[in-house]
Amino acid sequence: MFEYETGVKLQDTDAAGLVFFANHFKIAHAVYEAFMESIGCGLHLIIRESAYLLPIVHAEADYKAALSLGDALTISVTADVGKTSFTLSYDFKDGQGEMAARVRTVHVAVDKETGEKITLPDEVREGFLRIS
Amino acid sequence: MFEYETGVKLQDTDAAGLVFFANHFKIAHAVYEAFMESIGCGLHLIIRESAYLLPIVHAEADYKAALSLGDALTISVTADVGKTSFTLSYDFKDGQGEMAARVRTVHVAVDKETGEKITLPDEVREGFLRIS
Amino acid sequence: MFEYETGVKLQDTDAAGLVFFANHFKIAHAVYEAFMESIGCGLHLIIRESAYLLPIVHAEADYKAALSLGDALTISVTADVGKTSFTLSYDFKDGQGEMAARVRTVHVAVDKETGEKITLPDEVREGFLRIS
Amino acid sequence: MFEYETGVKLQDTDAAGLVFFANHFKIAHAVYEAFMESIGCGLHLIIRESAYLLPIVHAEADYKAALSLGDALTISVTADVGKTSFTLSYDFKDGQGEMAARVRTVHVAVDKETGEKITLPDEVREGFLRIS
């Protein structure tokens, strides 16, 4: 499990006073980037220098409790690793430890040139196995 | 079916050169707002003046083909209407008519004061039945 | 003068109930993209195919009246064209015709390879002279 | 001076490969929120509980060097405090300590009910004097 602490910012919210539903995905992706950095696979390296990409083919979120400006957020990520893909589950807990939302993203490994599915690169697989 | 024409803007894209996955949800919501306006239930009216809200409890997207800056987008929406909830399906087609993504959002009707589930208001139900 | 009609979307607003100040710049840029498209210089063409770029070196906004969810917006753009740069002024008027905000962006033409300032390409200069 | 460390995220960038110009303002505002929190004036408290608001009446940015995905960012903020307003200057330095951008925001204190300008509340003035 990888944990990430943040808080709800004004730019995450909308005129209904709560976090706009699409922004849970933005926040989740920031956590993903922090995790990838932590395993030496920063996205800037992948996008600029690697022979593969890890595009998201599916994303979903269940919204369980409202999140408001200033709320503390602890997001914990776990991975389910396949041969050519992996699924990340992000649990969003608020300052009281209540589950506010669960986000899932499914990524596949593809060859940067051909776009064809490839076996998950070792460095990525090993990184995700740490949080499986 | 409700149709909405737009195009991919720079602010929708990221450094991988394509539409950032969370932005499909932002675009879908803009379509939802346009539809709600078209049936006389503009979100500004609901948020400010009605006795109910229609929060999103689930959202998901399947990404099928990359969308790039300047691509034309035609988004068509259909509804599946329940007693206290409705599901909207958004098909994103690019300029060649190819399916680029499918987004779904599930909304429930709740009482603005109590937060309790309520029967879908008639004006909303009737609006969605037009695109069922 | 180039005119663009839009409306305030939920994603433009924040928990204070109004358009988040940074989003005026996002909206202005959407107008810029629509204008560039209209003169045959769509940004996707510039970014992918041209020998130049038109980066923004300065941006500013004066906020004069609050903009709320559902407000109609008419944005009119005028250009001030220099030798290697141009300045765009965007007037945001709400549904009552009241000035809500004025945004300005200053762009320079640079060689895509060297990053050096270049004379404004003819196609761009001529396009902007139409709205000077 | 108040300092804030962050990094460029994928959601900050666009298809030109760099931070989208409007996102410098979003990042600056996140720094502002962190500072306000640090002086006990969290924006959620101001928006929900205080008798005043601190709307932005002017914002501007000078873009000096490109910021790319994964770049480290150190943002330092200083304040210039007036009777009814304050100006914040945000210096964005990249991982090499090079100035990448300078953002300025001008805020006024207004009465939440009447919208009239008021003298800057003591708690806010004192907080900003620490970074003047």
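Labels A, B, C and D are assigned to the chains in the order they are written; within every chain, residues are numbered from 1.
Everything below uses one rule, namely that a residue touches a chain if its C-beta (ideal position, glycine included) is under 8 Å from a C-beta of that chain, and two chains touch if they have at least 3 such contacts.
Quantities reported herein were computed from a predicted structural model and do not represent experimental measurements.
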A-D or B-D, whichever has more C-beta pairs in contact: A-D
Most distant chain from chain A by Cα centroid: C
Averaged-CA centre spacing for the pair chain B and chain A, given as whole angstrom: 22
Length of the line joining the C-alpha centres of chain A and chain D, rounded to whole Å: 27
Chain centre separation in whole Å, for chain D relative to chain B (CA means): 32
Sequence positions of chain A contacting 2 or more other chains: 10-11, 15-16, 20, 22, 26, 29, 44, 47, 68-69
Residue ranges of chain C in contact with chain B within the complex: 7, 9-11, 26, 29-30, 33, 37, 42-45, 47-48, 68-71
Chain C partner contacts - residues on chain A that touch it in the complex: 10-11, 13-18, 20, 22, 68-69
Chain A-facing residues of chain B, complex: 15-16, 20-23, 25-26, 29, 44, 47, 53, 55-63, 66, 105
